[in-house]
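Paired with chain B in one complex and with chain C in the other, chain A is shared by the two complexes that follow.
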Partner chain A sequence: MSENRFAAGFLVPGGLWLLLLFVVPLGILLAISFGTTDDLGNALYGWYPENYERVFDSIYIEVLARSVGYALATVALCALVGYPVAYYIAVFGGRWKNVLIALVVLPFFVNYLVRTYAWIAMLGDEGLVNGILGDDIQFLNTPWAVIGGLTYGYMAFMILPVYAALDRMDPALREAGKDLYGGPWQTFRNVTLPHTRQGLLAGTVLVFLPAVGDFVAAQLLGGPDEYMVGNLIQQQFLAADNWPFGAALTVVMMTFLLIWMVLYLRSAAREAREVAA
Partner chain B sequence: MLRDIDDLLGRDLDRRIGRRGLLKGGAGLALGIGLAGCGVGSGNDASKEDTQKAIKKKVDGDLVYFNWAEYIDPALLKKFEKRYGVKVRESNFDSMPSMMAKLRAGIAYDVIFPSAEFAQRLIEGNQLLRIDRDKLANTDLVYTQFDQPWYDKGSAHTTPYTMYATGLGYRADKVSGMTGSWRDLGEADSGGKNFMLDDFQEGIGMANLVNGFELNTTDTDELAQSTDYLLDLKPKLRGLSSDTITSMTSGNAWIQHLWNGDIVNIRNQVDDPENYKFQKNEEGIPVGSDTFAIPVNAKHPGTALLFIEFMLEPDNAAQNVEWIGYPMPYEEGATEAFAGLVKTDPEINVTVEDLDNGQEFENLRAEGRVAWDKAWTEFKAS
Partner chain C sequence: MSSLAQADAPAAAPARRVAAKPPRDFDRPRFLRVFVGLFFVVMFAPIALVVLFSFNASRSLQNFDGFSLRWYERFFESETLRSSLLASIEIALITMVVATALGTLLAYGLVRARVRWSGAMNVLMLVPLVTPEIVAGTSALLLFTQVGLELSLTTIVLGHITFSISYVTVVVRARLAALDADVEHAAMDLGATRWKTFALITLPALWPAILAAGLLVFALSFDDFVLSFFTTGESPQPLPVRIWAAIRFGVTPTINAIGTFMLAISAVTIGLAIALPRLLGRRESGLGVLLGREGA
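And then the complex of A and B:
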């Protein structure tokens, strides 16, 4: 009992932290989302549910759909590129494993914004890549640039959980697959992939959530038609002076992401039960 | 043609970011997250009376200074520290709304740099101390156009800091078909390398001017026509960007909707400045200004007053103009300094005639403001 109480004491700092810096601001956000603005655009509390009606206007739904599309493409690319990298490090990394993982993480010591600016220098019409190719290809201000920027930005969030899953996997399982006359592809499909599904799923969630709400990539690398929901929200706060509408958009987006999160957690829990059984 | 990597990266990372570019553009977005925690509360419930108390022009402590980053010559801050034996404690904002959020949170600054629109909002909210012009030397050098600015009747609470005009920057060596009209942004032959400012005032304002309306119109029919113009222009644009310095120096933009000071900074960074031109457009020129102001809760208003006076000194103003690349509306030093910066392309200057004929963005109110916000949001989202 007293030990329990002692353990509960450990929750106090974190609990207070979350209460003050997460729950309270979230409450304020919710309150503002039902508010309005005064004559000059300063936010006022109130009861104006029409902010939410506006969110479901078709042009905003289109922006949301576009964001989800970009985020899904980002997840797919991260998986396609990140899985082989994680596989190589986990299986063939040997004593270089930690160094290689450190190299994957290293770029993340540099701010995402700065790294995105580096893309402009690299992919600009007169940038490094066009210089090497001796060409004048327009990479920037296209959907591909935005998806590419997102993929680059969140790649590590895919590699790390997949690597962890691969690293935990007993190499004997792969050997058993080969002993049973499985070719490399069959072994991968029937043994390795199922064992790393949880890692892949975790990577999917970790990449999808920030990518769908991102506003840096679309603003710096996109053109007029690559507007994402993060840009829409940012604009309400920093340009349009319409905090209530921005807050309503945020609440709707958070709810939407929460549904995904719950689905993921339930699937992860089910899997854990199956493994235990 | 392959350029040296250092040259390429160095050019982009070392450069000074233009102030208005920073404001609405690229680097400014980092703060999006920083908004969390700012309540809707109104910080200081100051009364009109509180704003009227007289400031004694004397050192009363260190200067707590709040401005855009890179928007003053740092050597001048050093010089001020030395002359008055105080420290300048500098912090920066990266958008007007974030400046307002800090002020609303009750943080005490001695000198701030609001744009005209936000100066008016602060004055109406009784948030700015009275600045007695008679107490300051060199206020007679301030252009007379600023004696009765729309945002500060009688110039009682602000002193102008800088000014700007909006137009089109273009590459004379690449673009053909510039005609002196705003329509050139979409119509001139830019090889698809054309960017509009990512700014609701400038965007809708430009469309209003093209259509022959008042810059600040809130008439429903007129706004609908302007929105149509923008929607029509959108597919002809490569992008929207307020980081005009990056877009033009990287070669991604051959025509860029921009503020005149940005073209000065761009010309400072390229090898062939003569090819980077500025066009003021015949349908109308948006002009505007930034100001010095002293918040009502300033702890050291005396030092702040000394600082404003210090910046008005012709030599200091001239030095500052040369550093920031934006004109300051003072006779003598500042005017000459800016004319010197743009002597190979005087079109970049903001002349007294521009101030007389140009149109200023004003604060829209109530339905008018909502209509602009809606028009812009739908233009961006659709």
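And then the complex of A and C:
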């Protein structure tokens, strides 16, 4: 038995599992999205492209656009806040680097629902902030509450890849920028930023993808006016019992995200090649 | 203010002289330090609030009226919540064991095998990582109902394993890629079979990564809400699904207690993931292993 065939055998169990429980379900999702429901609300297969026509109705398209808008705002905020933090840890962290990165990751391991709920406790009408201010400011049920919740939820996904890129970067490069009489801003723009572009790209995609599909933040921190496509999908599946329409919404969202996924996978593959080389 | 800090961030760049020597304290731009400090305050304030008020004697979220364990009592006295906690732990344990085994094998195959379909395999492994959970949840729900599998803890476990395999593979693969294949060849030159080499040489070298990945999967599965939400049966439901139902009725201090308790379990798990590889007598830290770095 060649070494190659021996190792190839190791691909089988995991590969089969992913095929049966990941690829096949996506196929079913696609099939059901062209289906319909019987009188009891059970999903039936068939050819009903009307589901897709309905997705492009103005009310639903509005929700889709809102989801993308919120997710893009989340990405921008994560980058604006996360980049300086990653930079500080990578450049000035010294022997505290690992501790600081662990601190960045730590909130991520507090249950997402509990973290979101914590913001209700902070900013709600009877929350801590209004209690301290003795005021009645409405923070929640606004678009910014949802965007803030998403940013808080997915921050680690931006910081980690950016940090990894900054940490990998040779400090001598920044030195060289300075030696060539580059100011701090010029050094950053022409040396540091280009060198961390891949980390930034990875962070962008890793934040954008889950943010578009999120329904927790919009439901808990926002209201029906802030609902995202995830809320619609969840309603169709678990409340309205129109699975084919829910599936069509999911497929449309997924198709849109596919572009970003391909971007990320290509960048990840390139990175893997660079590490291997 | 965030954009200000970003624009100013590069001022830090020229401060560094020698790669090995950490910059001295006065080299650090102060505003950047303040910014990072504020960042951590905002990240931890809500969590600290939940933990603190889980010990509050009253229902209030604005005033702390003395220390009490009454919300924890309420948590553990509830039959439903207790069974949910046990269900969550059971799901996470089974997911950890199965996904770690499958993911490790897959990592070995991806690194060592050169076959035509390894490229496709690699994509198949990476896609679940970037698939929004709601897509995973709805498609898993469709699969289970189509094959007539009743929704229960089993369906949740099946869903969790599917999305945990890739995490294990990514972590273990980074470690494996850093491992010199010549060591394995040497073992085989000395007469070991391929299986023996895998069991006696490769696996022991991968232990820190396998352990860290397993614990990571436990924490992710234990905390998972979306996948569980779509694949859960009536009862018992995992803890996060219960929390969701409770939050929608408004803020109650019992949720603070549940949240704090879950936080403790996650913290212990992640602490183990970081500390254990080091306790095994290796130089690297578990954090480095998880981040795919060697010898951190």
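Operating definition for what follows: the second predicted complex is superposed on the first by the 260 of 277 C-alpha atoms of A that agree within 3 Å, B and C clash if a C-alpha of one lies under 4 Å from a C-alpha of the other, contacts with A are read in each partner's own complex, and residues count from 1 in each chain.
Operating definition for what follows: a residue touches a chain if its C-beta (ideal position, glycine included) is under 8 Å from a C-beta of that chain, and two chains touch if they have at least 3 such contacts.
Since this is a predicted model, take the numbers as computed values, not measurements.
Participant: Are chain B and chain C a fit on chain A, or do they clash, once the structures share the same frame?
Facilitator: In the arrangement built by aligning on chain A, the partners chain C and chain B clash.
Participant: Now for A:G131: first (chain B), second (chain C), both, or neither, which partner does it touch?
Facilitator: both
Participant: Where does A:D241 make contact in the superposed view: on chain B (first), on chain C (second), on both, or on neither?
Facilitator: So A:D241 only meets chain B here.
Participant: Which partner does A:V23 reach: the first (chain B), the second (chain C), both, or neither?
Facilitator: Second partner only.
Participant: Check the residue A:G69 against both partner chains and state whether it touches chain B (first), chain C (second), both, or neither.
Facilitator: So A:G69 meets neither chain B nor chain C here.
Participant: For A:A164, using the defined touch cut-off, is the partner it touches chain B, chain C, both, or neither? Pick first, second, both or neither.
Facilitator: So A:A164 only meets chain C here.
Participant: In the overlay, answer first, second, both or neither for which of chain B and chain C A:P143 touches.
Facilitator: After superposition on chain A, A:P143 lies in contact with neither partner.
Participant: Looking at chain A, does chain C or chain B touch more of its residues?
Facilitator: Of chain B and chain C, more residues of chain A lie in contact with C.
Participant: Would you check which partner chain A:F215 touches, where first means chain B only, second means chain C only, and both and neither mean what they say?
Facilitator: both
Participant: For A:G223, using the defined touch cut-off, is the partner it touches chain B, chain C, both, or neither? Pick first, second, both or neither.
Facilitator: First partner only.
Participant: Which region of chain B runs into chain C, 25-33, 169-177 or 277-285, after the two models are superposed?
Facilitator: The listed stretch with clashing C-alpha atoms is 25-33.
Participant: Across the two complexes, what residues of chain A are contacted by chain B and by chain C?
Facilitator: 21, 25, 28, 32, 43, 111, 113-114, 117-118, 120-121, 124, 126-128, 131-132, 215-216, 219-220, 234, 237-238, 243
Participant: Going by the contact rule at the top, pick out the chain B residues touching chain A in the complex.
Facilitator: It is residues 1-3, 5, 8-9, 11-13, 24, 26-32, 35-37, 39-40, 42, 95, 97-98, 121, 124, 192-193, 198-200, 234-235, 237-240, 243, 246, 250-252, 363, 365-366, 369-370, 373, 376-378, 380-382 of chain B that touch chain A.
Participant: Mind listing the chain A positions that touch chain B in their complex?
Facilitator: 21, 25, 28, 32, 35, 37, 39-45, 59-60, 62-63, 111, 113-114, 117-118, 120-121, 124-128, 131-132, 134, 138, 140-141, 215-216, 219-220, 222-225, 227, 231-232, 234-243
Participant: Can you check the complex and tell me which residues of chain C touch chain A?
Facilitator: For chain C paired with chain A, touching residues are 2-3, 5-7, 9-17, 19, 22-23, 27-28, 32-33, 35-36, 39-40, 42-47, 49-50, 53, 61-63, 102-103, 105-106, 108-115, 117-118, 121-128, 130-136, 138-143, 146, 158-159, 161-162, 165, 169, 177, 194, 219, 223, 225-226, 229-230, 240, 243-244, 247-248, 251, 255-256, 258-259, 262-263, 266-267, 269-270, 274, 285, 287-288, 291-292, 296.
Participant: Report the residues of chain A in contact with chain C in the complex, numbered from low to high.
Facilitator: Against chain C, the touching part of chain A is residues 1, 3-4, 6-15, 17-19, 21-26, 28-29, 32, 43, 77, 80-81, 83-85, 87-89, 91-92, 94-95, 98, 101-107, 109-115, 117-122, 124, 126-128, 130-132, 152, 155, 160, 164, 170-172, 174-175, 177-178, 184-185, 187-189, 191-192, 205-206, 209-210, 212-216, 219-220, 230, 233-234, 237-238, 243, 246-247, 250, 253-254, 257, 260-261, 264-265, 268-269, 275-276.
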